[in-house]
Every structure is written in C-alpha cells, then in structure tokens.
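These notes concern the structure reproduced below.
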Amino acid sequence: MTHHHFQPNTYWNSFGSHPPVLHIRHDDTVITSTVDASGLDQAGQKVAPGPNPETGPFYVEDAAPGDTLVVHLDALAPNRPTGWSRDVIAPHILDAESVRGLPESARIQWDIAPDRRTARLSNPPDRLEQVAFPLRPMLGCLGVAPEDGQAISSSTSGPYGGNMDYRGTIAGVTFYFPVLVPGALLHLGDGHAMQGDGEIVGTGIETSFNVQFTVGLLKNHPIHWPRGENADYLFTLGNARPMEQALQYATTEMLAWLQSDYDLDVRAASLLLGMCVEYEVGNVYDPAYTMVCKLPKRILSEVRRK
Amino acid sequence: MTHHHFQPNTYWNSFGSHPPVLHIRHDDTVITSTVDASGLDQAGQKVAPGPNPETGPFYVEDAAPGDTLVVHLDALAPNRPTGWSRDVIAPHILDAESVRGLPESARIQWDIAPDRRTARLSNPPDRLEQVAFPLRPMLGCLGVAPEDGQAISSSTSGPYGGNMDYRGTIAGVTFYFPVLVPGALLHLGDGHAMQGDGEIVGTGIETSFNVQFTVGLLKNHPIHWPRGENADYLFTLGNARPMEQALQYATTEMLAWLQSDYDLDVRAASLLLGMCVEYEVGNVYDPAYTMVCKLPKRILSEVRRK
Amino acid sequence: MTHHHFQPNTYWNSFGSHPPVLHIRHDDTVITSTVDASGLDQAGQKVAPGPNPETGPFYVEDAAPGDTLVVHLDALAPNRPTGWSRDVIAPHILDAESVRGLPESARIQWDIAPDRRTARLSNPPDRLEQVAFPLRPMLGCLGVAPEDGQAISSSTSGPYGGNMDYRGTIAGVTFYFPVLVPGALLHLGDGHAMQGDGEIVGTGIETSFNVQFTVGLLKNHPIHWPRGENADYLFTLGNARPMEQALQYATTEMLAWLQSDYDLDVRAASLLLGMCVEYEVGNVYDPAYTMVCKLPKRILSEVRRK
Amino acid sequence: MTHHHFQPNTYWNSFGSHPPVLHIRHDDTVITSTVDASGLDQAGQKVAPGPNPETGPFYVEDAAPGDTLVVHLDALAPNRPTGWSRDVIAPHILDAESVRGLPESARIQWDIAPDRRTARLSNPPDRLEQVAFPLRPMLGCLGVAPEDGQAISSSTSGPYGGNMDYRGTIAGVTFYFPVLVPGALLHLGDGHAMQGDGEIVGTGIETSFNVQFTVGLLKNHPIHWPRGENADYLFTLGNARPMEQALQYATTEMLAWLQSDYDLDVRAASLLLGMCVEYEVGNVYDPAYTMVCKLPKRILSEVRRK
C-alpha cells in the first residue's frame, strides 16, 4: 500500500509495451499528472507531441495475461486554468448531405474556474457570452498494453482500453482491464475538464490534470473488454467500429459478467438486461467507437444469490 | 379543443396512408387505447394480428406536407394486469462468436401491478424470484404516414417516426413529426410497461394501454426527423441502420434546430453540443435503429436570445 | 405459354399490393416497356412522377406465399436515343472529410447509340470529349410486393427485391424472388443504358426500355432473398444497410441454397464458398445497399451429386 | 538494380518500426520467402508463432514520409505441396439468426499441385471428392510500417496496407504504398494458394511462398491509401470497418488519383467512376475490412490528356 509520487518526463503516443516508468504493486497508490491532448503541461509548455501523450506505462508486479487489472480513480482534476477545444462538429458525425457547407473546425481557448466548477469560452462566439459550462473532469485515455507486441495509437481504442472518451471516467469510479502483457502496463492521459457524449467536435475541453489512482490485481480472472463500476452501476465498454460492434462487445461482456459473477443463466441475465440495461455513448470520433453497457446495481441487489 | 373518446376496432400493421379513423383539429385531445404488440387488447383477447397493430390513423385537419405535427402525450398507462416479453437477447445484439450456444428466445408472462409501480415475472427463472421491476410505461410506436404512398411495417421506423422504442416516450413529453401527407395521419401503439434501452430481447413488457394525447400544428414549419422535448431536454430522433447513420441524422436535426430556433451559428451550436450533448439508444433490434440526441434546456437557457 | 403485349399507362413509385395491370401464368411471356427513373417515356414525355416509376404489378396466377417466382429476362434494351445521369459522386460514398468542397451534383444528358453499343455525353466536360462509354443495358428495379400490406418506395430494396441496381440484371439472366403476397405482383423499371458498380453518382444512364420477360413458378419453395443465375454463376442478393448486413444476408442465402439443392453440409458448402466465392456490389446509394454473392457453376459441376 | 537473395530467420506479427532485415534501393529486386499464417515454413516446420508472421521489414534507402513506395510483384508461388484452411464460414459473415446451429470451424489439410494448377482437400468431405480447386497464388499481407511508432497486428490492415487479403495481390501487379516512416519498412507474408473473396472462412489455402519483388520510390508523392495497377485496371484499397468506410476511403483515393494524375476535375472523374467503376471485396473477416475500387484502363485511354 505504498503511495508513489510520480512526475512524468516521457510520454507515449501509443498504448504499447514501452519501457515502464515505475513498478507498482497490488494496493499501491500513484499520484501523478497528465499533459493535455496536444502535449501542453500544467505550465502550458509543450513537453510532448500529440496525439494524446500518455503518462506511463506503469508496470504492475505479478500481473500476467489472464489476470484483471483493477484501477480505482481516487481523484482527478485539471491543474491549470486554461484549456482548448475544437469548435465544429466533425463531418462524419453529420448526415453526409449536410457536410458540403460545413466550415473548417478551429482551435478555441477556454478558461477553467475549478472553484466555480465552470468553464467559459475565452472569446465566446455571438450569443454564448453568458454561458457557464459545468465542469465534469474526466480522463479520455485509460488502458493497458495490447497483446502481440502491438503499439496502437492513443487516438483510438480496443480491448485494452485506450482513447475511449467515456464521460463516466471520473473520480470515484473503478475500472477493470484485461491484462494482456506481463505487468499490464497501465497508461493514462487526455484529461477533459468536460465533454459531451461522443466527443463529437473531436475534443472535450482539453487540459492537463493531476491524477491519483490505486491499482489492484485479480489473478486468473480473464475478461475480454474493459469493465467498471460506480456507486449505481456495473458497466462494460466495447471499443470498435461500427457502433453496433462496440455495442455487441459491451453487451456480450456484461452478459458474461452476470453469468460468471452472479450465477445467472443466459435467460435470467437477458431478462435483467432486456428490461433494465442502459447504454451510454463514449467516443464516436476516433477510428474505434466506444459503447457503454450499464446495469443498475439496484436491480442486481434483488437477485437471489446462491 | 374538443375531447374525443375513440374506441378503436381496426388496427394497421404499417404506418401508411390508410383510411382515417377520426378527424381531429389543432388543440384537440384524444382519449383512446392501444393493443399490445401481438394484438391482445385490455381483456387479453386477440383482436388483431402482429406485428405492432396500430391505433389510428388520426387525420389532423389542415395538416399539409411542410408542416410539423405536435403530439403531446398527456397520459399513458397499461390497462390490464398482464404482459409478455421475450427472454433471450437477440443474436445481432451480441458478438457473433458468442451466438453459437445461445438458446432460442421464448415468450414469457409478466404480472403488472400499477399501484405498486412494479412488474414481476409470472414464473421467474432461478434467482429472479424476488426481483420487482420498476414500471415506466411508454409507447414503442408513434408516428405519421410516410411520403410517396408508402405503407411501412410497424416493426421498423424512419423519418416519419414508427417503431422507435424510445424509453423517453412517456406521459408529459411532447413530440414533433414532419407532416408528409395531407392530414399527417397519426398512428400509435406497442405500449411497454417498461423496457431497457434498445429493446435488446426484442420486446419490452408488452401490454395494452390507455392513452390520452393532444395535437397541435405548426404551419409551414418543415422538419426532417422527429423531435421532442420534456422538462429537461430538447431531443431529436434519427431512425436508420447502422447506428452511426441514426446518430448522424439525429445530430444533424438538432444542429438545424439550434440554428433555426435559437439563432446560433454552426460554431456556437457545435460548441454547445460538443460539450453538453447526451445520446440515448432507442430501438437496436429492428431493421432501423433509433438514436436520440439530447441537449439540456439548462445550458440553452444561458444562451443570449436575439 | 401466352405472349402478352402490354403497354403500361399507370406507374407506381413503390413496390406494393397495388391493383394488378395484367394476370399472367407460369411460362407466360410479357413484352412491355418501362419509363426512366424520372418518368420520361420512349418519346421523352413525362408520364409519371419519380422516383423510379414501376411498370406493373403483374399478377401471377397460383403464386402464393411460400412459392418462388422465376423471372427470366429474355430481352431488354433502351427504346430512345437519349438518357440522363447525375455528375458528382454522392457525399456518403466519400470520406466525410473530403465532402466539404464537393460541388452539387447536376443532371447531365447522354446520347445513346445502340448500333455502336456506346453512349456519349451530349455536352462532355473537358477531356471527356472522345470517351465512348460501352452500353450494358440493365434494369435497376425488379421485384415483387413485400409482405404485411406494405408499399415500399421504389428508391430502396429489401427481401422482395426492388431498386437493387445490380449490373448483372441483364438479358439472359434468370431471377428468383420469394412470393410474399398472393399473385407475387411483379414490378419492373429504372432501366440503365449502363452503370458502374454501386450507382455511386446516384444514377446510371437513365432511359426508357423495351423489356421482354418470361415467368415461372416453383410451388412450395420458400426462399428468403432474391436469387439468380446466368451462364457462369449462381448468385444471391442481400439488400440492407450497412453493407455487412447485405453481405451477410446474401451469403446466408447462398449457403442455404447449396445445402438444400446440392445436398452439401455446412462444411462442404463453406469450403466451396471460402475458396471460390465472388462478391459484387449492387446499389450503395439508396437507403438499403445490395451485395451479390456469386459461386461459379464450374466448381459446382465437380461436386458429386447424390 | 541489385538482386538480393534474402533468407529470413526472424518474423514479426505486426507491421511496425521493427529493426530492418535488409537495406535496399530504388530498382532493387529481392528474392525471398514467406512462412504460412501459422508460421510453418517450406519444410512444414514451425519457425514462428502466428498470426501471420511477416518477412521483413525491408528498409528502402531515401524513402521518407510523403513519398510513395512502389512494389512490383515479379513472381510468387507456393514452395511446398501442402496447405491448410478453416472449414466453416465465420459467424460474423452470416445473418446472426443463422449462427445458433453453426458448427465450430476446424483446421483442414490441402494438397497443392502446382504443375496441375490445382489444390485438393486431403480428406475431402462427402461430395467434394472430385473437386479440383484452381490455384491462384496471392499474398494476404503486404504493407509498410504505420506512423507514430505504432506496431499493428498482422491480422488487420490500415492506410499502411497489412492483411488486406485481396485476391488481386498476384504476380505481375504493382502496388503503391504511402511512406509513413523513414525507410518505408516493407513487410510481406500470409501467402494463399487460392482464396475466395473476403476470406470468409478466415483463411485461404495457407502455405509458404517464394516471392520476388522489385521496389521503386516516388519522391514527394504523398498518397493516403494503398494503390495498385495491373494490365487492365487502376485500383485503390480502403481498409477499415465497416465496409462502407473502406469503400469510402478507396473511392476517395481513386477520385484523388484521377484528379492529380489525369487532370480531371471532380465532375469528369465522377462521370468515369459513376459509369465504369468496379468494386472488389478484400478481407471481410478481420477487424478492418478491405474494399477495392477499380477503374478500367481502357476507358482512361480515351481521356484526352493535356
């Protein structure tokens, strides 16, 4: 249960089997920071090239393929009062017929006021002068190294996690990742002061973050896709294109979870999901999209345990 | 502002230019009923073949192509204490590799207790004996007649609405539909005592309903996809396959709405949506899927009006 | 084996259970004509509104749901020396990022010279002055009435056929359609003097046609999707969006065909298809796309028959 | 114009910036070999783990990002008389409803007779005893290293090429790849004695190959997706999921090619493609699918050059 204070000075633009920056153990806590999606740090200095420079990877002792890595997000918050975003919805989020006249997206600045829990546009366009956007600090990127010696761009996602841009990646949430390489090799980055579902302008409010997390390890506990839980929900994340495929992966992972951990057969699990499932949309901007399959814990609490 | 009590005795299995059952006017209210997806009425009698027999169509006087039909759902509730559902997630909602061992879905009975606001399985599978499912009465089908003389099965959806299976189709909500034929020709049906997102077992808890709605008409107000609003959100619905296409249509319609009714240019509207949009998943079981694009009214309330 | 000369004077913009224009029988031949996609006839007169006005429907005596309708295309050819097309690739056929600068598509005229087997642009753009396009006359629309009383726009397709825009719909080819309503109700239209795969500008060279076809009936022979054969191939057509779904339907139909008519088990049929299948792209412009799954007859000729 | 004889002894399971095995130059020819998809070499010995062990990478002197690498396939042929395949169509190629009863796919052996230009099943299933499958030797994998330090599994594909499984990857064809890293880093592997479109059983007839290729370099000639040409066609390859996206990328690349190299504006290029384009289906089994957009050289030969 060591607390590590780790100040990164190298960043990776891919999730891969890169040299670990720190070795940690089950129950260890790490207090560290992330730079923004374009590599700007707390001081607004460019310390890494984009896309999405990642802090890490952190090597978790004893983690081996077939295990599950537990990552509890203890705390996360922007560590500078500025951020940036894009300002036009991406063409592939719109009906193709409507794209002809779409202007080019530009980079636009934001002022972040953590005390007021709001962000405001530094130079707001007409009519948005008074709008205070409510902060909801989250990490766009979280995951482990993929298998087979791969190193995959931090601008996409997969079974290993990655750039999922799920709005639920906030403080207090626990994630579970399949361990695919020795040490798991945890990466994190791409903090957003806030973001709408899907990251449809291609960014949230991009800024640098302070992050504290605690890891755990479930030995011999294979999972296929990232999972998580918060106070109210179990959830699973499928990362693929098209959206149907992402939804299929997430739903299949939830069905497996209910069968293995709640002793439900496929019909009972189907009935719970059929009547109570909720889906959320993660990233729909990147090469892989993210769909989140959620089941309320309240309904699960009424299931008779063996 | 006439109140019509209408007892249906014919039902259609398609949204189309069928003979109207009632002529109504702007501000009129209709109190009527719907049978369940398989044609069982309040008494549990089969009065129509499936799929999704529709009540209507209601002819709205003066409604013409280019107008918008307003439909406010005043009240809706199951009118019998029983319902039914399927009990296995549909194969196309799951990873194809996991389908080999999937059992066939069966029809299963439910007991509905409106006073307790719950539904229970009549013969619950192992471990679900104690689960009380919280009612959330909604209509699976709502829409107008499509253009070009088409009659399209009530088991799918399109720009005219249809079988969208959106969980937000509850009492208190206002929908807007494009008028595509003279009289608009409103159809409704397919009530669910409750349902998870996506209708992933192919049904909600299917039952017959009492429904009260009030119509309005926006003359010379063309829209392209169904819209709606409730106390907290504006929303738009895209109905297409794949999900991306449904999301594109819904997002394009919301962007148009913000530009036309809130005097926002594409950048300002993009920024609001980029940071605040929320998506919900309607039907992902039918030939066409439904994606719902939502914007909180709270953020819109801070936009400076011209 | 009657020969019917049928001169149409009504046209439908949907495939549906419309009043039949002619009753025909197994082995009967029909000699008729079709107007172009915008309703221009042999004389260049507008005789029907678009989209894709259909000749028919033809009622085939004794055809009942569960049967297969056989349609042999005896002859088809443009019956006027002019045609028209669109001139810019549709936005949804291109990478969304490339659409911003795309010009609006315009209608452009063609001269058709059947004797030289070529078409030329009436006012060719720069550099295309010398290009002679080789004629390949085909029907864009062919199919029967869909089930459940539906009437579906002739600008899309489904299990009943419809606007499939398959380049292989030429003279000498035999099609098989599932009979979904009494009489089958055959519709045809949308002739193209030629067309590239996918109809990616939204049209081929649209013109009016003379068509001769002969029908047959396979009683109690249910199929799920259109099938066909020519001298070299068996083929099946899946009509759906996205393309994967169309490909899945077509492949599943071919697998069923090999199992039922060639006594192959799923492994043997899979091996033939795995090593020898060829796919063609039908329409990828409409709401439903068409994928064609083909198996060379030559490889089938080596299969040992029971 | 050096001829290099290169005997590989290391293989990579990803396309990435791995240490080069050989430095070559513009106009150099390489004579080498590839092992099969599971790592079996000419002697049937397992010399590498799967998936798809790649020969290379070959470093092309002076190749830099923004250039185009030319790869002419001079010769390629199986170098052993045996191969293997899977024997059941993959579930995601079939309608989900039809997957429930599908048997598990097994590995099955083939005998390859290059002199007779045929392959036969070593233990054919019932009815396939007499079937001689016609050889069509091709490479399933061909490509360069992706950008941003990525290493991407050889069981998928992207802008860099990869596991495209295009049946047209045969002797006599010239490919063009975007150079994304210094030296381009050419990889090749995954030879198939033959294969149907799409690789729908998950394999072709997998075997080891002898390969001869010659490279060239087009300096300052950026392209976005792989291109190629043979005697009859120009073609471009889009690698993505879903198929629409792959088709969009391929079509956009072809449109760019016609505009840049044939001085056609977007309307003229659209007209050629609209009336003459042909699509082929590459891999539809892997995470990324491949669509091939082809234009006959014959029609291009009639375009007036500036």
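Note that the chains are named A, B, C and D in the order they appear, and that numbering of residues resets to 1 at the start of each chain.
Here, contacts are C-beta pairs under 8 Å (C-beta built on N, C-alpha and C of every residue); 3 or more make two chains touch, one makes a residue touch a chain.
None of the values given here were measured: they were computed from a predicted structure.
Visitor: Compute the rotation angle for the C-alpha superposition of subunit A onto subunit B, expressed as a multiple of 5 degrees.
Guide: To map subunit A onto subunit B, rotate by about 180 degrees.
Visitor: More than half overlap in residue numbers between the two sides of the subunit C-subunit D interface, or less? Answer same or different.
Guide: Subunit C and subunit D contact each other through largely matching residue numbers.
Visitor: Tell me, please, which chain's centre (mean of its C-alpha atoms) is farthest from the centre of subunit C?
Guide: A
Visitor: Could you please state the distance in Å, as a whole number, between where the Cα atoms of subunit C are centred and where those of subunit D are centred?
Guide: Inter-chain centre distance comes to 32 Å.
Visitor: With chain centres taken as the means of their Cα atoms, state the distance from subunit A to subunit C in Å.
Guide: For subunit A versus subunit C, the centre distance works out to 47 Å.
Visitor: Enumerate the residues of subunit A that touch no fewer than two other chains.
Guide: Counting only residues that touch two or more other chains, subunit A contributes 92, 94, 96, 102, 242.
Visitor: Applying the document's contact rule, which stretches of subunit A touch subunit D when the two form their complex?
Guide: Against subunit D, the touching part of subunit A is residues 12-14, 16, 51, 148-153, 240-242, 245, 287.
Visitor: Contact residues on subunit B for subunit D in the complex?
Guide: The touching residues are 90-92, 94, 96-97, 99-100, 102, 104, 242.
Visitor: Quick one: which bits of subunit A touch subunit B in the complex? Just the residue numbers, please.
Guide: Subunit A reaches subunit B through residues 85-89, 92-96, 98, 102-103, 105-106, 108, 119, 121, 125-133, 194-201, 203-205, 242-244, 247-249, 251-252, 255, 262-268, 270-281, 284, 289, 299, 302-306.
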